[in-house]
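Below, subunit A partners subunit B and then partners subunit C, in two separate complexes.
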Partner chain A sequence: MEIIGERINGMFKDIREAITNQDKKPVQDWAIKQTENGATWLDVCVGPTAGDPAAAMRWLVNTVQEVVDTPLSLDSTNYDVIEEGLKLCKRPALINSCHADRYKIERVFPMAVKYNAKVIALAMSEESGIPKTADARVALAMELVAAADEFGLPLQDLYLDPLILPVNVAQDHAIEAMETLRQVKMLSDPPPKTTVGLSNVSQRCNNRKLLNRTMIAMLMASGLDSAIADANDDDLMETAAAARIIMNKEIYCDSFVELYKTNHYK
Partner chain B sequence: MPVQILKERNSGKITCVTLGATAEQGGTRACTITVGGESSLPWLHFEGETPNKPVVAVEVLDRYPEEWNDAVKAAYGDAMKDAATWAKAAVECGGADLIYLRLQSADPELGASTPEQCVATVKKVLATVGVPVAVIGCGIDEVDNKVIPAVAEACAGENLLLGLATTENYNTIVAAAMVHKHTVIAQSPLDINMCKQLNILITEMGIPADRIIVDPSIGGLGYGLEYAYSVGERARIGSLQGDKMLALPVIGTVGFEAWKAKEANVGADEFPGWGDQAERGILWETVTAASLLQSGLDILVMRHPEAIALVKKNVADLMAPSSL
Partner chain C sequence: MALTGLDIFKLLPKKNCKECEQPTCLAFAMALANAKTSLDKCPYVSDAAKETLGGAAAPPIKLVKVGTLGAEREMGDEVVLFRHDKAFYHPTLLAVEISDKLSGAELEAKVKKVNELAFERVGQSVSIDMMAVRNDSGNADAFAAAVKAVADVTCFATVLITEDPVAMEKALAIIGSQKPLIHAATEANWEKMVELAKKYEAPLVVKGKGLDATADLVEKVAASYKELVVDLGTRELSQSLAEITQTRRLSIKKKFRPFGYPVIAFTASENPRDQVIEAAAYITKYASVVVLKADEKSQILPLAALKMNIFSDPQKPSQVEPKVNAIGNVTADSPVYITTNFALTYYTVEGEVSASKIPSYILACPTDGTSVLTAWAAGKFNGDKITEFIKACGIEETVKHRNIVIPGHVAVIKGALEEKSGWKVLVGPAEASGINAFAKGNFA
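Right after this comes the complex of A and B.
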């Protein structure tokens, strides 16, 4: 289970201020904290308010890479901003993200191949928005799989995201996302990888951590390989470690929780 | 239509472990032996590396093994009456890459040798042969916890392979190995979960993973070989997928298990359908070893020189690069 640590994001006040003041400490503290707790990737997102998002992305990438060698997930809707980050990444990065719209695929997939990066691809398009049914999501996933093949992006480097919505306002979506994960794994051989923005499921809900960790176990059973999530939620990390054991993805030992955090899975 | 060769892309590999130390390294061995390093399933040279071939350790006792089969005893004759002479014969005529010295006489019922006597035996073996040496206790924890630390201290710098560290008893032996720079054997009872956990416990003491060899307690042909086979296979697959706590070279006491089998020991007079006993015994040991070579064994602890010769031929054949 690859956990993509979500915390270095300009949506959070401390990170937003850090970017504005060019104050490395909060960013580097979170980079270390998430890495030590088992994050496989670190998501970096400049947030909505940065005046020069490309410069902010360059600063974030360099700042994080000064203290950890955890690979980065570059999070932006602006692909030029992502490309600025890709140029600086010391290790192959993850592009977060690409919709199933043709013009976006044509911009992102060749860029991923050029920089040896992986891509989070969303089962949604401008036309469809987030489809409600699993069938409609799988249809978009198929477009993305075919495009990966077309542009020479290895299927293991494609991270399909079935999209999950808050369970309080879109309760009927979670089960469709799970069904999507199951079907996505049958689209190709080798199958694409899968990911979700896990914390979405509990937006504005009560008991968020409980919802998040229950969701990750259910999604893992459906075929989830990674999640953008709170790497410093110990209960969540322990649930992911336990789910890996129960699914026989990892050989059991008594120290399975500690081992999960030090192994930076995968 | 061309056929494409399917190659697994593995992310992990087995840790390399070196045994013995030469003069430059603070020891007195003529050579060192490195095992491990494999980055594919056994012998799949077309998709990974097998930088070090499996080696044979010959089992030598510090007492005359009355109870051993005559076929094995005949191979070494009177040399078996002294550990150092036996070790010399094992290297010169038996094909030993290293010596697996079992200090059985420390057992109160088998001689009650003192730690000082055991140290003297080990020293004599080290003075007689140039190959790396493994030193194993008699199997009684209280005794081994005195003998092995004494050996570790007296032979500091030799990088012996010390055993056996088990879940119930690993602290003393691992600490002795750590202080005096030796390697340890971590033995678990045919249980991959305990094997992994023991490796974690041992590394948590501060000894690096490249100073551990795993002994999964194999079973011999006809007596649990398939359990050992599948444990070895599962460990190798896990290792290749990145499980560092299982990615250690494996040792198997092939001779001990094979020569325990009834089939290796009873004469043709008793079971005419089984044929000649000596030949059968040698093949029992050979087939046990050859099978486990396919599940990823790195060090084979063996007894009969003819079985060793057959296994070495098998290893040489398997090491030949595949044309794929």
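Right after this comes the complex of A and C.
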């Protein structure tokens, strides 16, 4: 299970201020903390308020890479900003993310191939939004799989995101996402990888951590390979470690939780 | 395994004409993958695509049979790369090679010797599976004579090794009805060899040179005959292992049809001991047939044992035969231990008992191969069951005394066992590692 640590994001106040003041400490502290707790990837997102997002992305990438060698997930809706980051990444990065719209695919997939990067691909299109049913999501996932094949992006480098919505307002979506995960694994051989923005399931809910970790176990059983999540939620990481063991992905040992955190499961 | 949506999509014409009643070829591919429509709905799909789609349901490696009646053996039909993922199903066939340069009494003696390569091992009979006759002389009549000498005595299937169709035809006239393995069709002779194989309905080895050339040749031959075995032509061990591994991976993981057949391997070394080691490597790494020249019982027995081990089902607990086992120079006064017939349990006890240097009997009680506590919990290792076994196994006629040592973990069955069996029960140590001290204290 690859955890994409979500914390270095300009949506959080400490990171936003760090970017504004060019203060490396908060960013580097989070990079180290998430890595030490088992994050496989570190998501970096400049957030909505940065004046020059490309400069902010360059600064974030360099700042993080000064203290850890954990690969980065470059998170932006602006692909030029992502490309600025890709140029600086010392290890193959993850592009977060691409919709199933043709014009976006044509911009992102060749860029991913050029920089040997992986891509989070969303089973939604910009114009029609998030489909309700699993069938409609799988159809979009199939478009993305066929496009990966077309552009020469290895299928294992495609991280399909079936999309999950907050359970308090879109309660009927989670089960469709699970069904999507199951079907996505049948689309190709080797199958694409899968990911979700996990914390989304509990937006503005009570007991967020309980919802998050229950969700990750259920999604993993449906075929989830990675999640953008809070790598410093120990209960969540332990749940992921336990699910790996129960699914026979790792050989059991008494210290399976500690091993999960140190191995990063790349 | 069924084809994936992407596999199907790649075979479609990509016209997006909607004649299949789906909006796009991509949607049609998805519908096919989910069995929601049929391929006939698309009028533009090529014959090659139809064959690929139709063949997707076939097993990754074809089952091919050699020999007839009691000598019949099956090859291929494997589904995994590692036995712990499921199991390996069809044990590697061992073939011992005989040269047609031998003649007269020499040939007769050799055939007789090879024919006797059969053994009893842990209660099972094991043997080689095939005799291979090689046309070293280059002479068709000498080959036929050697094949005749084999046909007269053999109880095994045969492999006929010559690339000369004339020699092969003569040999098949003698032994063809017994479905021998024909070795080999090559780039030069394959049309004639296929003709012969068809006539006798015998399996045919296709021999190429390395992965690419062999795949091309198999494809050509498979268009007219499908009872095939693949020979990559490589004889150097490390290269050969790499190539055989590729054929197994490509057939199972990529459904690559030209390698969807069993594979034959030949040992290359002149030294019989090295041949045995080579053959062992081929048994573990996917060869369906191994041909070797080594013909001593001491050389074949370890290979037969390895075959049994590698091709055992990892899901089933390994068992020992339930019987009385004598350890060392036992007498009618030797002590008697009882344990279960789970191999792991039994051999742990056996190791400790023999280490104690006190000749003893060990009874392997039939518990369906389960350990002491598992068997006890399942009611297979209690006063009744053990008594039943004591009476049936013959130990009462073997020893004069009536004392039996039981595992310490099941001390609770002592009373019931004494009552039922009439034997005096000694509770042994809980762990087998304590047997040495226990034996010295009680029996020395």
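Side notes on the structure shown:
One rule holds in what follows: the second predicted complex is superposed on the first by the 265 of 266 C-alpha atoms of A that agree within 3 Å, B and C clash if a C-alpha of one lies under 4 Å from a C-alpha of the other, contacts with A are read in each partner's own complex, and residues count from 1 in each chain.
Assume a residue touches a chain if its C-beta (ideal position, glycine included) is under 8 Å from a C-beta of that chain, and two chains touch if they have at least 3 such contacts.
All figures in this text were calculated on a predicted structure; none of them were measured in a lab.
Once the two complexes are overlaid on the shared chain, A:Val113 sits clear of subunit B and of subunit C alike.
Contacts of A:Ala139 after superposition on the shared chain: subunit C is touched, whereas subunit B is not. Of the two partner chains, neither subunit B nor subunit C is touched by A:Ala55.
When the shared chain is aligned, subunit B comes close enough to touch A:Ser255, but subunit C does not.
Of the two partner chains placed by superposition, only subunit B is touched by A:Asn263; subunit C is not. When the two complexes are overlaid on their common chain A, residue A:Ile245 makes contact with neither subunit B nor subunit C. Under the contact criterion defined above, no residue of subunit A touches both subunit B in one complex and subunit C in the other.
Within the complex formed with subunit A, the residues of subunit C that make contact are 1, 4-7, 9-10, 26-27, 29-30, 33, 253-254.
Residues 250-255, 258-259, 263, 265-266 of subunit A are the ones touching subunit B in the complex. Contact residues on subunit B toward subunit A in their complex (touch as defined above): 11, 192-194, 196-197, 200, 234-235, 238, 241-246. Those residues of subunit A lying in contact with subunit C across their complex are 138-139, 142-143, 145-146, 149, 155, 186-189, 191.
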